[in-house]
Each structure stands twice: as C-alpha cells, then as structure tokens.
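Both of the next two complexes hold subunit A, though its partner changes from subunit B to subunit C.
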Partner chain A sequence: MAVAKSDASLQDKKGERLAWAFPLALLLPATALMLVLYAWPFVSSVYRSFLAKGGELTLANYQKAFELYFRDVVFSLEVAILSTIVAAILSITLSAYVRLSSGRLVKLISLLYRLPIFIPFVVVGQMMRTFLAPHGLLNIFLAQVGVIDLNAPLQLFNMQGLVLSFVWKQAPFMTLIILGGFQMIDDAFVEAARSVGANILQVILRVLVPMNRASISVAIILAFTSTVGTFTLPFMLIGGKIPTTVTVDIAHRVTYFGDWGVANALGVLMYLMVLIMAIYYLRYSVKKGIYEA
Partner chain B sequence: MPGLHLVGLLKRFGKTTAVNKVNLEIEDGEIMTLLGPSGCGKTTTLRCIAGFLIPDEGEIYLGDQSMTDLPPEKRGIGFVFQNYALWPHMTVFDNLSFGLRLRRVPRSKIKSRVDETLALVRLSGFAERYPRQLSGGQQQRIALARALVIQPRVLLLDEPLSNLDAQLREEMRFEIRELQKNLGITAVYVTHDQAEALVLSDRIAVMNNGIITQIGTPEQIYNQPNNRFVAGFIGLSSFVDGIVTGLDTARAYATVTTSDEVAIRVPAGSMALNQEVTLAIRPEHITLISDTSAEVPPDANLLEGEVIRIAYLGDVIDYRIQVGGWTLRVHTDTDTHLRPKDKVQLMIPAERINLISPDL
Partner chain C sequence: MRTRHSVFSLLATVVILSLLAAQCGAPATPQTIVETVVVEKEVVKEVEKVVTLEVEKEVVKEVEKVVTKEVEKIVEVPAEEMELVYMTAGDVNMLALSQNLLAAEFKKIDPSVNLRSIHTGPGEAGSRLIFEKLMADKEAGKETGDVDVAMVHQVFLTWAMAEEGLLLKYAPDLETFQYVTASDAKNALGANVDGYVMPMFHSQTALAYDPAVVTDPPTSYEELVAWVQENPGKFGYNGIKGGMSGVSFTVGWIYWKSGNYEKYAVTGPFDEAEVATWQAGLEEMKDFNEYVTFTAGNVGTLDALNRGEIVMGPVWVDMFYTFMQEGKLNPDMKLIVPEPGMPGQPMYFIIPANAPHPEQAKQFVQYVTSPEVQGEVIIDRYNWYPGIDGKFVADAAPPEAFDRLYQDISPETLSSFGLSFPLADYFTAMLEAYERWVIGGGS
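And then the complex of A and B:
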C-alpha cells in the first residue's frame, strides 16, 4: 500500500514538472519568431550605430548626429508633441460630442470622421501640398474671407503646416479609439454627474476623460509614435529645408552618403523619444491601474 | 419642500409610446411608487422627471415652477441608479463631494456635509474607499448618499434594490422609507416588485403599457383593484365574468350570474342591472369548508367545486378548484389535505369580492 502511494506521489511530482514546462514549450515558437523578426534587427541596428565605417566601435556617429542634426531632433519632437496635443484635444472634443449627442448630424459625423484614417500618408502629403501652398486652397479661402492678403500668403511648408497635416491625419484615428472608450461608459455615469449639477464641459472633464484614461493614453501613444516615425509627409511638405524631421535626415544620410552609421544613430535617438512615451505609459496607465487617482 | 406634478407626459421612441399621457400629482414629502411590469415605461417616466429625456408632450412642475425646459443640472434632483453608477475613479468622499464642489460649497462645509450624509447611511469611515472596495449593499448606500448630499428637492430612485440579495433588499425597504420620512423629501420610487412597493410607498401608481391604470394607497391597490391588470399584477386574483341580474339596494348587495348560471352575491357599488362585470377574488379570501355544519356568515357565498390541481408553496397550499365552467385559486393552511377530484364547498364573503369593468 505504502509503496504504491509513494509511487503515485512520485508520478504526481513528475506531472507537476511537466505541467510547468508545457506552457513554455507552447510559447517557444512565438518567442523565437519575435526574437528573429523584432529583437534581432533592432539590436543589430543599435549595434551598428556604434560602428565606424572601418568596423571599429566608436561614439563618432552620435557625435556627428548631434553636430549636424540636433536642431532636427528638437524639431521632430516639437512637431510630434504639438500635433499629438492638438489632435488629442480635437479628438476628445469630437468623441465627447458624438457620445453625448444624438440625431442625424451626429450619425453623419461619426461616419465621415473615419475617412482620413484610410488615406495613406503619401496621399495626405500630396493633398496638403496643394491645400497649403502659397496660392493653394487654404490661402485663397482665407483671402476671400478677408483674413489675409493673397500677395502675402501664409507660408505653411514648415512646422505649422506639418502639424496641421498630422492633426488632420491622426485626430480621426485617435477619435476612433477614444470614442470606443467613451461608448463603453454607461449613460448612468454621465447622468449621475448631471443630476448633481455638472454641465456638459464638467461631465467631459471630470467623468468621461478620467474614466477613459486607458483608451486616451493608447490613442496618444499610438499617434505620437506614428508621427515621430513618419517620413513621407515631412519629406513632401518640407523636404531638405532646415529644420526638418529626423526621418528625412535618416533617408538623406543613407541615400546621399551611404552613411548607415549616422543613420542608425539617428534611428536610436528616435527610438529613445518613443521610449520616453512608452515608459510614461507603463508608469501611469498600467501600473497604477486605470481607475486609481 | 414642493410637490411634483406631471401633466400629460408623453414620450415616444420611434413607434413605441413608452409613456402615454401620464398625469401624476406627488405631494410634498410623499413617497410615490411607480409599479408595473418590465417595459411599461417606469424608467422613462423617471428619466423625464430628471431631465435626462425630453418628453414629446406634457409638463413637469415642481411646486409652481415648470421644470420642463430646465437641463438636468438645474433641476435639483437626486437620482439613485439601478447599477449605482458610482464614479469608479473617485473615492467615496469625492463621489459625494463632487456635486457640492460644483455648487461652490465652501471646503469646510463640504467635509461636514459629506460626513453627515455618510452617517445618515451608516457608512462613516468609508470616505477614503473606492467604489470597487465596497460590497453591493454598501455601494447602494453610497449611491443613496450621493443623491442626498446635494439636498435635492426631489429624490428619484430607479429599482435601487434589485441588485441586492433578498434579505438585504427587505431590510433596505424599511431603511429607505425611514430616511425619506425623516428628511421629509418628496420621492418617486420605481420598482416592478410589488412587495417592495407595498412596504415603502405612501401611494402606488400602477403602470401598464405607458399608462397609469390605478393610483392609491397600498391598501387600496391591494384590496380594491379597479381593473383586471392591477388585480392580477398585485397579489393573485381569480377572475369570473358575469351579468348583474339582481340589485338589493337596501342592503347594498347585487347578484351577479355567470354564463353557467352560478349566482354570486357581491357589494352593489355603482352597478346597474344587466351590466357586464368581472369579479376578482383573492385566493386568501376564500375558505374551504369540508364540514357542512360550519358556521357561515349570512352575507357569504357558498359554492360547490372540485379540486383539480394542488401546489405546495411552503407557507400555504395553492388549490385550483373548478366551479362550474371556471376555476378559482384558493390558499389554505398547510394542514388541509385534499386530493384531486375531491368535492369541496367554498365560502367567499361578499364584501371580499372586487368588481372590475371587463373592458379595462
């Protein structure tokens, strides 16, 4: 009896060990794929940013990147931060409007706002080149309204124009995510606030937004990273003018100089910009929980 | 505190008329219950009062003031939601103080008002908790406290107890009524639970299909239902159709004869000869007589019947008894032991029979 019992428990132990290993085994293919497809190219690009042309380890690439492009790093950050903030305010306002109103106009708006999401950056760039040009649609319109003189049109192939274009492209995408979050909130939370005296603005700021911190941060981070990493739009609107974005600089370094070292160093800098956002997100949204103050 | 007055309130959703020309006068300090089956328009009525919905027709008055065009935040109404709707990102203190801060109540006063209100719902010391750290019953009390802390002119409650277990629900009925009476606040309470309505209301408005079919005190609603819906929805009733064949004005009784020629004596009320009527009889108002020598009051009806179905309900036995071409339900003590096909005599006091117009 006793022997049989210990046998059984031995087998149980074996079973436990297997049970522990089994999920890991299942994870292996996915993990391997991640390593090969994501980690390896990333590590290799970081590594190559420390290589001189001859192959020896050096910080020269970073030194050069800073000397030549520090202004552009700042410019990229400014553009990304500014357009993300403007797009966030716009998309929160639009989401709140769609969430809190009803009627035919809202239905139309909630269909139309999605359109820019499906337009590629190249096409947006093309559109904005004609829309924002010195004698483009925007300036002609503003002149007709009497805001500006067409002999001295707004120059928009610069930061303002770039921010405007990014907002045009990113705000709908952010709205899609944020509105999704707003729609999940039961009417009762909104009505409870109104019954104790909150007006619409207070409902948005004190109930809808704080209850949706998760979806809003996701929207902000996705929009920010995509803005930082976009090449086409700044290339088409600003090109090689100074200042321009880091993405344009990277392309420039590779195309005209075959200089992968500096290009990789700039890439790492871009990665760091995004990393700051990622850390912020992890610190404030995930760790502390969505609902805590 | 002013009374609440609904005049011809009508609300449609597409083709359905959720609330159909409702008139209701709720007195100062009264707790009125809207009672009715699911989908009858109770919540819609309440949300119109709160201003969450704009009625298609009709007016809402609080005292002399028309509230019909006021936005919800200007109405001074406390609302308790079925799912409580406590803001999950705020502590209990913040949930309660939110409305006070919006009203620019001074900081020191906010603290004392919140403390007082928490004491009122017996949850002092819970101020720093988040809603998810509270039990369902505690969340319910906080929801009540949040509605009360702003000192509303009217308190509206939409099935506030339906998410609680049976025991707590029963306790809270008394607690809500006591609180409402102590504060002297005008209140409208929505429920589909008749026991809840009977316990905590001053008056009950029974709703069906967007219409109020009867308004009265719990006793009136239970003992004198004036239509078939109320008689069937609140408590149990058996219905018998017949025609008035005799009027005994002196003693205020009438004789109603059914299609199978059974004569039943009922209170005359305002009936006319040859009028078609429906009788509603409560199961607990019928006595089964197996001993023929038992004393029968002179005004009681004695009917012959046969047991067709028996259900043991724990506290009572529910018999279905065939009398002529119709059946009556009878509730008796659990010490009666009849079997199907047994012949029985039924005694029904005339004044216990309710008359209902058949068209309602």
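And then the complex of A and C:
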C-alpha cells in the first residue's frame, strides 16, 4: 500500500512539472517571434548607437545627435503630442456623436470616416503637398471666400501643416477604436445619466469616457507611436525645413553619411519617447482595463 | 593367310604413315602454327591499331561535325534566350528607360540579347548595392560573375577603383569612345577612371526663374544674395534634407565662398582644416535663409515655381524640361547657372572584370552611347545632357530638342559653370557643416 501511494504522489509531481512547462511551450512560438523580430533588432540598434565607425564603444554618436539634432527631437515630440491631443479630442467627439445619434447622416459619417485609415502616409503626403501649399487648394479656397489674401497666404509647410495632416490620418483610426469601446456600453448607463439630468457633454465626459479609458488609451498610444515613427509624411511636407523631424534626420544620416551610429542614437531617443507612453500604458491601462473589467 | 597378310600390310602402312606423319609434323607444325598465330596476332594488333586510329580519327571527325553542328545549334537557339544582366542605380526613370526602351531597341540590333534590368534604387545607396554585389562575387572567387554591365553614380568609382581588378577597362574598345570628351570621363571625384567608364548622360543643376517677374536674373551667387534681400520669400529651395537640388545649391554656395573648387572637387586631397574656413560663409547662408521659402523637395521647388509661390529656385535641368513637356510647368520659365557655377553629375556605364558576356555588354554600351541614341533618347526624351560630346549629337538629335536643351545654358556656359560634386570626404563634411552652422539645431 505504502509503495503504491508513493508512486501516485510521484506521478502527481511529474504532472506538476509538466503543468509548469506546458504554458511556456504554448508561449514559445509567439515569444520567439517577438524576440527575433522586435527584441533582437531593438537590442542591436541600442548597442550600435554606442559604436563608433571603427567598432569601438563611444558616446560620440549621442554627443553628435544632441549637437546637431536636439531641436529636431523636441520638434518631433511637439508634433506628436500636439497631433495626438487634437486627434484624440476630435475622435472622442466623433465617436460620441455616432454613438449617441441615429439616422442616415450618422450612417454615412460612420462609413466615410474610415476612408483615411486605408490611405497610406505617402499618399497623404502627396495630397497635403498640393492641398496645403501657399498657392494650394486650401489657400485658393480661403482667398476665394475672402478670408485671406493670396499674396500673403497661410504658410502650412511647417508644424501646423504637419499636425493637420497627422490629425487627418490618425483621428479616423482612433475613432475606430474608441467608437468600438463606446458601443460596448449599455444604453442603460446613458439613459440613467440622462434621466438624472445630465446633458450631452456630461454624458460624454462622465459616462462614456471614464468607462472607456482602456480603449481611449490604446488609441492614443497607437496614434502617438506611429506619429513619432512616420518618415514619409514629414519628409514630403517639411523635409528640407528647419527644424524637421527626427525620422528625416535618421534618413539623412544614413543616405548621405552612411552613419548608422548617429542614426541609431537618434532611433534610441525615439524609443525613449515611445517608451514613456508604453510604460504608462502598461502600468495604468492594462491593469485597470483588463483586470478590473 | 592371304587376308592376314593384307591386314598386316594395311596395319603396317597405317603405322608407317602415322609415324611419317608424326615425324614430319609433330616437331615442326605446332611451333610454326604458334609462331604464325603470334605474328598474326601482332599484325592484327598493329592493323587494329592503325585501323582504330583511322577509325578514331574518322569518328572524331564525325563527332566533331556533329558536335559542331550541335554547338552551332546550341549557340543559335539559346542565344535567343541569352540574358544580358544590367544593374542600374538611380531614380525609377532609369529602370523605365532600360526596361521599356533600351531593351526593345537593342533587341532590334542584336536579336539574341534579352536585356534584363535590375534596379537598385536612387542615390548613393543604389550604387552602393551594385558595388557590394560585385565585391561579393569577387570575394567568393567567382571567375564568372552575374553582372554584365551596370549604371552607377560617380561615387561608385571612388570605391571600385580602390579595388584591384574589379572593373574591365573596356571603353577604348568601343567605337563611340572617340566621342567622349568630358573631363569626368577621366576623373570621377578624384578617382582616375580613364577607360573604365562611358558616361550615358550628364545631369546639371541650375536656377530656374520666371522671366515675367525676374526680368534681370542674377548671374552670380553674389547677385542672387542681393536679389533675395530685395525680394524676400520669392526664392525657394529644399534645404539639404529634401533632395539633391538643394544639396547642389549649397555645394555651389561653398564653392563660391571658399573659391576652392579645384581642391574640393578635382585634385583633393581631403584636408580637415578646410572645414573650419567655411564657417563664415555658411553663417551668411543662415542669414540668406531668412529671406528664402523652403520647398518640399526637388519636385516641390518646381511645383512652387509653377504655382507662382516662388519665382526662382535651384532645379535639375532634366526634371525642369520634362515637367515642361508634360505640362506641369509654365513653359515660359528659364534657366541660368550663376557664377561660379553649380554642380552636376554624370551616370556611368561600367563592365565588371568578371562579366559573363563582356562582348555583348560592350555592344550594348556602344549602342547607348551612339550619337543616334544620345540624340533621340537621352536628349529628346529625357532632357539630359548627352554623355558624349554634344557636337557629335547635334546632327542626330531632333533640332528642337537640341535647341531646347542648350537655349538657356549654352555649351560654353556648361563647360565653365557646370561643376562636379566635391570629393566624397569634402561632400559629407560640407553637409555636416551646413547642419552645424546653417541649421544649428543643437541643444
């Protein structure tokens, strides 16, 4: 009897050992993919940002990055933050409108707003180049209706124009995510708020938005990171301007100098910008969004 | 008794006869036979040898005939399938040129050649890829490489000529070599390339302006600075991060301020101390930029000119005329190269030393550098300056195309104001100097 019992407990232990390994085995393919496609390039680019052209370790790349491109780093951050804020406000407004209203117009809008999502940045860039130009469509239209003088047109090949283009491209994408969240909220909450006298603004700010913090954060983070990392649109709109974005500087370093050291150092500065958002996202949104809901 | 006797005599006869036979034959015959056989065998062997040789010769002849026929067949048949591998750097119009035009036209000359174009991309990076491919073939010890002929930027030659035996010195074998007179066919950014390259075309930067507004265009950088201060915002360029026309304008500025073109672009060598001498000139460019409209790239400058946002700006001559022909640019616009000049660059044909089909490659290069193709394709369709001397092309090019290309910038202006880009080290130093003293984007 005693022997049989110990056998059984031994098998239990074996089972426990397997149970310990099983989830890891399931995670392995996905983790391996992430390691090979993201973690390894990330680590190697951080490492290379400390390498001089001869291959020895150095801080010179960062020194040069700050000497020549610090203003562009700040500029990129400003553009990304500003366009994300504007796009977030726009997309929350649009989502709330589509969520709370009904009718043909809403249906049309909920179809149309998705279009920019499918237009690549390079096409947006080409479009904005003619739309925002000093004698482009927008300025000519404004001059026709008498708002501006075409001899002193709006200059939009700068931060304003860049923010406008990013908002045009990112707001629909954010709306897609946020509206999905809004539509998960039971009508009962909205009706309850209304029945105790809440106006539309209060419904949005005190019911819809707080109940959708997770989806809004996701939208903001995705929009912010892709804005920081976009090269084509800034290159086409303000490529040669002063200041310009870090992505343009990285391309410049590689194309004309073959200088991967400074290019990677600039890349690391971009990771840091994104990392701040990512940490916030991990600590705040995921915890609250997944474990509390 | 009688029978017995006859039987005995018969027996005796047989015995005697057999003895006789034995005596006559036995000791002699087998030896002779053996000898005869041996001799015969040797004779047969000899005969066989001779016969075999003869037969072999004939067989060989026959086989040779057959093989020759077969080989002729092979040469004939797959030659129709022969691929001439052509790698080209440059913008996508370079690919279109070889794929859509040169491949088809050259096939008319030599039906056996299928030109296979491989495009490696614009700028230095495109040439870099070709260089890396040739180096990989060389380092792998391949006696026969994969690339027959390639189209590269000047900077390629500074890398390739530093390698022993990477390129074929083929140009003197071509009939069209005698038409090549440009100095950059002998010297590319300091590398001696005489005989290794054939320029397909030259592209040049210049200032485009609207003569309706600018009646008296500035003829030098110095006059331009004065003009820009009188007409703020009306001159536009694309900086140095938005395309090569802006880079070219900046390089011209440094040539003007330093007065050291020869050293920077022709003779060298690179001298770090030169860089510091640019500071004052570039700080003046920073002031100059205050009066300037920044455009969105090479095309952005042309668009801004066309929309009347600016009335003057640096452009590539070929893009300028191509835009005009396509109706994307006001046809009244004109060009001028300000003194001391602005850079331009050729694109070169090179043939690798281990090219699999060097003869066909030479034929192809000879075809593209012929006055006919230079006139009809390079000048008329692409608005490039010809790779060979313009005077040999004058008769072959459609007169209106020739006049169009040379009306604003005469061949004389071109030869004195059409400068080269600086040597590679000076070039990167100039770009970084601009970032330091003109942009000044530091913390």
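One rule holds in what follows: the second predicted complex is superposed on the first by the 285 of 293 C-alpha atoms of A that agree within 3 Å, B and C clash if a C-alpha of one lies under 4 Å from a C-alpha of the other, contacts with A are read in each partner's own complex, and residues count from 1 in each chain.
Going forward, a contact is a pair of C-beta atoms (placed from the backbone, for glycine too) under 8 Å apart; a residue touches a chain by one contact, two chains touch by 3 or more.
Please read these numbers as outputs of a predicted model, since none were measured by experiment.
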* Figure out whether A:E56 sits in contact with subunit B (first) or subunit C (second), or with both, or with neither. => neither
* To do: Going by the touch definition up top, name the partner, subunit B or subunit C, that contacts more of subunit A.
  => C
* So, does A:R206 touch the first partner subunit B, the second partner subunit C, both, or neither? -> first
* To do: Considering only touches as defined above, state whether A:S195 meets subunit B (first), subunit C (second), both or neither.
  => first
* Look at A:D186 in the shared chain and tell me whether it touches subunit B only, subunit C only, both, or neither; answer first, second, both or neither. => first
* Any idea which subunit C residues touch subunit A in the complex? -> 123-125, 128, 237-243, 246-247, 289, 293-297, 300, 303-304, 307-309, 427-428, 431-432, 435-436, 438-439, 441-443
* Asked: Which bits of subunit B are touching subunit A when the two form their complex?
  -> 47, 50-52, 71-73, 75, 77-79, 81-83, 85-91, 98-99, 102-103, 130, 132, 146-147, 150
* Asked: What part of subunit A is in contact with subunit B in the complex they form?
  -> 186-189, 191-199, 202, 206-207, 210-211, 213, 290-293
* subunit C contact footprint on subunit A (complex, rising order) -> 66-72, 129-130, 133-136, 153, 157, 235-244, 248-249, 251-252, 254-258
